[in-house]
Each structure stands twice: as structure tokens, then as C-alpha cells.
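I've put the structures underneath this note.
Shared between the two complexes below is subunit A, which pairs with subunit B and subunit C, respectively.
For the complex of A and B:
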């Protein structure tokens, strides 16, 4: 199966395009929630939508089996009403009874989902024909999406993207400070819509995951709001598509597949993001650590003349042309001597600066200088030289090596 | 023959009282009631600390991710003890990864909880559907099987109840200290980390054990709901620790009786777990209305006076 077939094949195209659009929308809205530190609101709202979706199904079931084609619409309306009620319950508990967001979210989640469980058992007992539909709601089923659903998904995506583009400034303000309530209400409305629509493809239980992971991935890569939206949309779209591919090949339920793919993206970008990634942070740390050890060895060689030392640090110094090996002994080269003298100069300058300018006793300055010698830049060295009037002796009466051009 | 078949809501309590003093062996309704009550008390003792420590959504995440552990244990071992162990391992894993994401990756608490629980839960569902080919386990994990409880569930629930009550009775001071003010705990010479981990273990154990019998969401409802209701009227932790279990037991009694009477009158077997969480919600609603009315009257009186 080629890649293009996922977009052209009449059976495959609706699920794959639908999932992509849905996850893009969810990712973009997830960014807003992420920055407001309210990601778990999506969890509560999606669970609150469950009884609503069931109420919609039950209403249809009462009207008769010929109404089955309208199930999508009925589920949407019911789920939206209940998701809204869930959101209001959380806000009511928080504002009226001053319950912390954590407990308020948990409590309304349990209540609404409990109502959902109650209704499920009712549907199973009274309308057994519809109970399959009810179970689909829990875990999602993208494979049966049709072109008709695409119109709903497409228009929702269009609305959300237009909203984000048009209201970019107000959104920025909102994320700093909960001031502009009209925008906040609009965001909440779109969030409810996205979650309610997303239930069809990812299921009640995991629709929240569609919002969370792309936002996390985007935050790791972006430094400002605009790029973050773009990244979230890209990651959302990609994970929607790949999740759907997984579903068609391995027969996984759609919701879990999408969530696993997007979590993979999130972990990957948390690890390897150039600016905030953990991998690069560790690499930077390790390289600094290695440089410190190299410079310390150079310093020692400079003081002692020659040393017996095996291992990685010595090898690195040799590679850089600062030492030569003679039998088991390491010697400094001319370059190495200059380099080592520079480090010793920084060390002694800093010691002098601490005693003369900051009034620290001479016996206490060594440890600080041990660290600063690796950090001081040439500009700082120049300033220190100027402030200390080009000194020649450090506080321990040792000569300060002269500055090399 | 189940003596409860066909009884209404109020008759249920009559039959229950009669049978309580007759000393006959337990029937399914009574096993269900006993398991739910034990779970309610066990959750009610831990719930206040969970809410105070703002661990409610963490408990939610924990009960979701348990599915992964249970499914893996089912694949590997297949016994009840193994399942519990698997659940405990997955709870530890959840906590560890959440902590790791917060510390190493510098994610905020909500993002790390959300990421971990959705990923692990998704993995759990994948294991369940692909390897076990048993979608029912997934549904049952979420919804619980509160309507098909057995004696073994009762043993488990009683064990949990015993453990929780002893632990909370002995260590409630330390738990309260850590829940309210970790810094104070540290200055008074308690290791905040040890007690935080203890509280976490207690929560995990409660979630896991209760989850086996009553499902994810009833655990959450029992942990948070009765406490929030009790808090409307009590100010002190001691009182709260008394009233939260009492409210929980009341909710269980009402829920089981309602479930039975609905079955008698309409013939529809409704999920007792669902009814229970609705009852807990109604309890809060009634208490909140009463509280609002009484404060309003007080305000009116002071204005007139």
C-alpha cells in the first residue's frame, strides 16, 4: 500500500484524513491548555461527555432503529451539552466552594463518568442492539469514518485555525493573564467542540491524550507561541496519520494507537530538542565536565613538567596537540604551555580579584578560583587585568603568567 | 433463593436488618454491600489526605495505568496475587515516570501526569486487545464488576480496610503534617519524603485493591466525594476522618438498595457502581444546598438584627 492511497482510496481516505484533521485541531487547542497549566481539564471534559453521548444514543434508540444514520449527530449534541455541564461543574466547585482544581476536576470526572456507567448498563439491558455503539464511544473507532464525517472535521479544523490566526494577540494576552474573558470563553467553546468531535476517532478515555502529547512535543521545540502552534499542529497531524496507519495494519483500537504515536513524538522531542532537549543538556554538561578535566590536567602538567597519566583525558589533549607522549611520560608542547599558562593566569587573577576587590581572605579564595578558571571568558580576563592594573603576583605571592597575544 | 429478589427500596433495609440478626450466610446483595462499604471506609480514611495533598488526579492516573500492570501480569502469571503485584508495579512505574518527567524533562505536574497516564493506559489497552484478545478486560477495568462480586473480593476488601485503618490510626499525625505543610514537617524532624512516599503507597494500594472490585471511577468518587461533602460542615481533620467514611457507607447503602429496588420494579439490572457515584454526587448536592441555605439565612438574620 503506497502512501498516496491513504489519501485517495475511497475507504481509507476518510479515516486517515479525519484522524489527521482531528489531531491537528486537538494539538493546537492543547497548546492553549498546556500554557494555562490546565491540560487535565480535557480529561474531565471528555469523561463528562460520555453520559451525554449515551443520552443522545438512547434518545435515538427510543425513536426506533431506523434512526441509526443520525447516531453521529445525536452523539455530538448530547456529548456537547454534557461536556459543557462538566466544565461548568468544575468551575462551580472551584469558585463557589473554593475547592482546589485538582479535587474539583477529579470529583466531576467521577460523577459524570459514573452517570455514563449507569447509562451504559441501561443501554446494554434495554437496547442491546445499540450497546456496541456505546462501547465504540469508549475506545474510538476511526475505521468506520465516512466522507460525511470529514466535512464536520474539516470545518472544525478550519474554525480553530482561523480563530488562532485572527485572535493571536488576544490569545497571547490570555495566556499571560486571565483578562480577556470573551477569548477565554471562545477557547473553551472550541475545546468542548474538539473533544466532543474527537470522541468518534479516539474514544472518550484517550481523547485527552490527543491534546496533551502534541503540546508537550511542541513546547520542547518552540521558543514562542506562534511556532508552538505550528509544531503542535504538525505533530498532531503526523500522529493522527501514523496512528491510523497502525490501526489499519495491526488492528489496534484507534485511540491508543494515536496516543502511543504522539507520546513517542513527545518523548523524542523532549530528548533531542536542540534548545531544551535532555540529550543535548547532558551532552553540554558532559563536554563542560571533560573540558574542566582537560584544563586541570594541563595545569598540573604545567606545574610539574611531566607526568605519568593514562586514559581518555590525556588522549584528548594529545589529539589537540597540547601534549606529547614520551614512553610513559606526558610532556606539554609549546601550544600546551601557552594554553596552561592562560588557565593558571585566570586562576590567579580571580584569586587576586577576590582578595583585593571583594576583601576575601587569601586562604579561602582557592576553591572559587578552581571553578572560575574554567568559566572566565577573554573579555572578562581583559577587564580583570584592567581593574587589577595588570598585576604580577597573586595573593599567595606566586607569579601570574603574562598575557599572550 | 435470594431473599432480596423483588424487594423495594425501603423493604431492602427491613430485610437487611432481619437477616443481620438471624446470622445466616451471606447472599450476593450482602457481599456486594459489604465489599462496597469496606471500600468506602478504606477510601474515606485515605481520601482526606489525598485531596489535601492535591493527589486526586494522580490517583485517577494511577487507577488508569493499573490496566497495564494487570494485563501484563495476566499474560505472564495469571493468578490473582500476580495481578495485584502487577498493578502495584505499574503504580510504581507511573509515579516514577511522572517524577522523572517533572525533574529531568522539567514538565509541569499536569503535563507529566497527563502524558504518563494516557500513554500507559493506551499501552494497557494495546496489550489487552492485541495479546489477550480480550477487550472485555479493558471495559471491566474501567467500569468495574461491582455487580458480580464474590467472597474473594470481600476478603480483599476487608484486608485493605484493616490495613488502611491501622495505618491511618497509627500515623495520622505524620500524614496530616505532610499533607498540610511539608516544610513544617521537615522542621519538626520528620522526613517529608518518607511520609509522602507512604501516602503515595497508601493511595496506590487503595486504588488497586478497590479497583479490582469496584472499578476505576468508583474509587475516585469514594476518595474525593464524601470528603468534599463532609468538608462543607466540618473544619477539623479528626471530624473529617470520622464523617467521610460514614458518608461513604451511607452512599453505599443507598446505592445497593436503589439498585436492587430498580431491578425489582423495572426489571433492568443497572450498574451499582454507576448508581453509587451518582448517589455520592447527590449527597454533595444536597449538602451544598443545605449549606448555602443556612449561610443565606445567617446573612439575612444579621442584616435584620
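For the complex of A and C:
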């Protein structure tokens, strides 16, 4: 199967495009929740939707088996009403009874999901024909999506994206300054819709993951709100699509597959994010460590004149033109001498600063200076020189090399 | 809140009462501030200084009483710790947000807005930091950033909530200098302040507050030992008990 077939094949296209659109929407709205620090709300709301979806099914079941084609709509309506009720329960508990957010979320989730479990067993006992339907609600089932469903997902995605584009500035104000209650209500409505519609592909249990993971991934890469929305949409769409591909190859339920992919993206971007990523931080730390070792060797050479030293650090210094190798001996070049003198100067300036300005004993200043000589910037050096009135001797009566002209 | 004020005052409060749950935060606060003054609101912790500021701004609804401002153009610099410094936004974008109220919600940011924002950043000496993430700024820079955001709105009245809390001395001096410039341009500036020794140096008017208003007027007239003792000394236990009881009755708790 080629990738293009997922978009053209009449049976495959509805599930793959549907999952993509749904996850894209969820990703974008997830950013809003993420920045409001209300991510768990999506978990509570999706669980609250569960009994609603079941009530919808039961209502249809009571009307008879010929109603089955309408199950989609009944589930949507029921889920929406209950999701709304779940949201209101949380808000009511928080505002009216001053219950802490965690407690309110937990209470509401347990209450509604408990009700859902109760209804599930009831459906299994009384309407065994429909219990399959009830089960797909939990983990999602994308394979049975049709072109008709696509219209629902398509319009919802269009609404959400238009809303975010048009109301970008009010949204930014809402999120950063906690302004405008009208925008807040609009966001809530869209969130409910996204969750309720998303249940079909990701399932009750995991739809929250679809909101959270893309936002986490996007935050690691974006420096400002606009790009964060774009990244979240991209990650959401990609994981929706790839999750669906995974489902057709390995026999996995759709929800877990999508969430696995999107959490993978989140982990990856946390790892490689240029500013916050673990990988880049490791590289930066390694570079700093290496520079310290290079500068320490330069300093030693400056004091001793020449040294026998093999290895990586000496090689790097040679590459950079600070030292030359003469047989087994390493010598500083003229450039190297200036550079080394600069480092010694920082070391001794700092020692003098500690003793003179901060009143630290002279015997205790060496260790701190060993560190600071690698850290002080030219600007700080300038200020130190000024504060200490361009000194010539350090606290141990050693000469401080003059500033480079 | 737009009403012409008697006597040409810029900010005026009339019998303000504010409760948080069971405690009275402001009790019968009445004062009036003329335009073109630099006013410091001073009082002990929990005296209701920030609450007074928020009530003047309309962010807190008083139980009773009225606030009058002689202008619609207000700039607000919130307390530094109330801001989410981890938010994905750059310095320039924060300042641009100051222009949002003058834009319709579908309008794009115009070149003029960008220019004004950059100019405001220059005024506070932060133009070269325009592309930084706000989380990367030092405390003093964070404070100046929000001052720039207020500046870009070109307000007549500035409200600053504890602008000098937790910032270095150099930044504090910069901000004071800028505030004095604004005052000389005829702006009214209201600052919640907590450091008594600097009051006479920074402000020309002072408002002494401890739940009730002790005094409000020019520093030279009202900032003296007697009033300070009233503000910071132990309040009468009878007064506290009576006020607490009243708040309790009104909240029904």
C-alpha cells in the first residue's frame, strides 16, 4: 500500500483523513488548554461524555434495531450534553464551593465515568446487540468511518481553524492576561465539540492524550503563540494519520495507536528542542566542559612555558592555532600567549574582587576563580576592572596580566 | 466610569467598601487625586493596597461606593509574580498587546503599531531585547517590559502594582526617572509602594492606607510621623473586631 492510497482508496480514505482532521483540531485546542494550565479538564470532559453517548445509544435501542444507522448522531448529541454537564459540574464545584481544581476535576470524572460503567453493564445485559457499539466508544474505531463522517470532521476543523486565525489576538489576550469571558466561552464550546467528535476515532479514554501530546511537543519547539498553534496542528495531523496507518498494519485499536504516535512526537521534540531539548543541553554542557579543559591547559602552558601532553585537548588547541607541537613538547603561539594571559587575568581579577569587595579570605578564593575564569564575559571584565581601579596585583601578590590593547 | 469630576481631579474614590469573603479589605475609603501627580500608595502588608488599585481599575467590584476616573485611557502594570513568564511570547509581542484595545478583533497589526511598540521599548531601554522570550528577562527588565506595554497605550493615568518588588537598584532608578518624566508631561501615576525611606524621594503625593484611609495628599503635608504611626501602629482592636463582624454579616458566612 502506498501512502497516497490512504487518501484515494474509497475505503481507506475516510478513516485516515477523518483521524487527521480530528487530531489536528484537538491539537490546536490543546494549545489553549495547555496555556491555561487546564489540561486535565479535557480528561474529565471526555469521561463525562461517556454516559451521555451510552444514553444516546440506549434511547435508539429502545426504538428498535432498525435505528442503528442513526447511532452516530445519537452518540454525538448525548455525548455533547453530558460533556457540557461535566464541564459545568467542575466549574460549579470550583466557583460555588471553593473546592480545589484537582478535587473538582477528580470528583466530576469519577461521578460521570462511574455512571458510564454502570450503563455499559446495563447495555450488555439488556441490549446485547448494541454492546459492541458501546465498546468502540471506549477505545475508538476509525475503520468504520465513512465519507459522511468526513463532512462533520471537515466542518469542525474549518470552524476551529477559522476561529483561531480570526480571533488570534483576543485569544492571545485571554491566555496571557486572562481577559475576555466571551472568548473563553467560545473556546469551551469548541473544546466540547472537538472532544465529542474525537471520541469516535480516539475513544473516551485517550482523547485527552490527543489534546495534550501535540501541545507539549509544540511548546518545546515554539517561541511564540502563532508558531505553537501551527506546530500543534502539524503534530496533531501527523499523529492522526500515522496512528491510523499503524492501525491498518498492526491490529491495534485506533485510539491507542494515535496516542502512541503523538506521545512519540512529544518525547522527540522534548529531546531535540533547540532551546529546552535534552539533547542540545547535553551538547552545550559538553562544549562548555571541553572549553574549560582547553582553557585550563592554556593556563598551565602559560605558567610552565612548555609541556609534554598528548590527547584530544592538546590536539584541539593546535587545530585552533593556540599552540604548536615541537617534537613531544607543546608551546604556546603568540596568539595563544595573549589568550592564556586573558584567562589568567580573569582568574586573578575575580580573586581580587572577592577579597577586596566581598571580604572573602585570600586562601578561599582560588576555587571560585577556577570556575569564574571560564564564565566572565568581556563586559563583566570591563566592570570588574573599573570597580577594582585597574589593579596590577592579585591577593596572592601575583601580577595581573594587563588588558589586551 | 466616565464622569466629569468636580474640582478637576483625575482619580476619585467615594466611600469604597471591599470585602474578600469574611475579611474587610477596604473600609470607607474616600479620596481624590488631581492630574499630574506621582502618587505612592503606602501601607503595611495586607492593608489593601493592591485591592485599592484593582478597584480603581474596575478589576475588583466594591461592595459599595464609587470610583471615578477622568479619562478612559488607562495603563496598568500588574504585579510581576501574577504574570505567566513561561508563556510562549516575545518581548515585542507583549508590548504590541498594548495596542490591541485600539484594534478591531479581525484587524492585523499595522506597521504603525510595530513602530510604536519599538519606540516604547526604546523609552525603557530595551529595544535590543525585542526578540527575546519573556522568560529570559531579568526582574528589572520584566518590570520595564510591562511599563513599555502601558506606555504604548498612551494613557493619561498609569497604575503600577509594586513595580519595585524584587528588582535591582539600577532598574528601580531607571523606572523612577521615567515615571518622573511622565509626570512632567502631565500624566497621573499611581504606584503601590512598600518601601518607606524612598517615599519622599520618589513621589510628590502619598496615600496612606491600612484598610481605612489614613491620609491622602502632598508628601510634604501628610507624610509625617503621626500619620505613619496611625498607618503602621496597632489598629484599635475594637475597630478591627467591629469591621470583621460587619464583613461576616454581609457575606452570610
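Rule of thumb we're sticking to: the second predicted complex is superposed on the first by the 334 of 405 C-alpha atoms of A that agree within 3 Å, B and C clash if a C-alpha of one lies under 4 Å from a C-alpha of the other, contacts with A are read in each partner's own complex, and residues count from 1 in each chain.
In this section, a contact is a pair of C-beta atoms (placed from the backbone, for glycine too) under 8 Å apart; a residue touches a chain by one contact, two chains touch by 3 or more.
The model shown is predicted, which means the values in this text are computed figures rather than measured ones.
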Partner chain in contact with A:225 - subunit B first, subunit C second, else both or neither: second
Contacts of A:57 with subunit B and subunit C, given as first, second, both or neither: neither
Touched partner set for A:81, first subunit B, second subunit C, both or neither: neither
Subunit B versus subunit C as contact partner of A:145, first or second or both or neither: neither
First, second, both or neither for A:215, with subunit B first and subunit C second: first
Partner chain in contact with A:109 - subunit B first, subunit C second, else both or neither: first
In the superposition, subunit B vs subunit C on subunit A residues touched: B
Partner chain in contact with A:400 - subunit B first, subunit C second, else both or neither: neither
Subunit B versus subunit C as contact partner of A:28, first or second or both or neither: neither
Shared subunit A surface residues [contacts with subunit B and with subunit C]: none
Complex interface listing, subunit C residues touching subunit A: 84, 87-90, 93-94, 97, 100, 103, 105-106, 109, 133
Complex contacts: residues of subunit A adjacent to subunit B: 34, 37-40, 42-43, 93, 96-97, 99-100, 102-103, 105-107, 109-111, 113-122, 125-126, 135, 138-139, 205-206, 208-209, 212-213, 215-216, 220, 250-253, 255-257, 259-260, 263, 266, 270, 276, 278
Subunit C partner contacts - residues on subunit A that touch it in the complex: 35, 166-167, 169-170, 172-173, 175-177, 219, 222-225, 227-228, 275
Residues of subunit B touching subunit A in the complex: 51, 54-57, 59-60, 64, 101, 104-108, 110-111, 113-115, 118-119, 121-123, 125-126, 129-130, 135, 138-139, 142-143, 215, 217-218, 220-221, 223-225, 228, 232, 268-271, 273-278, 280-281, 284, 288
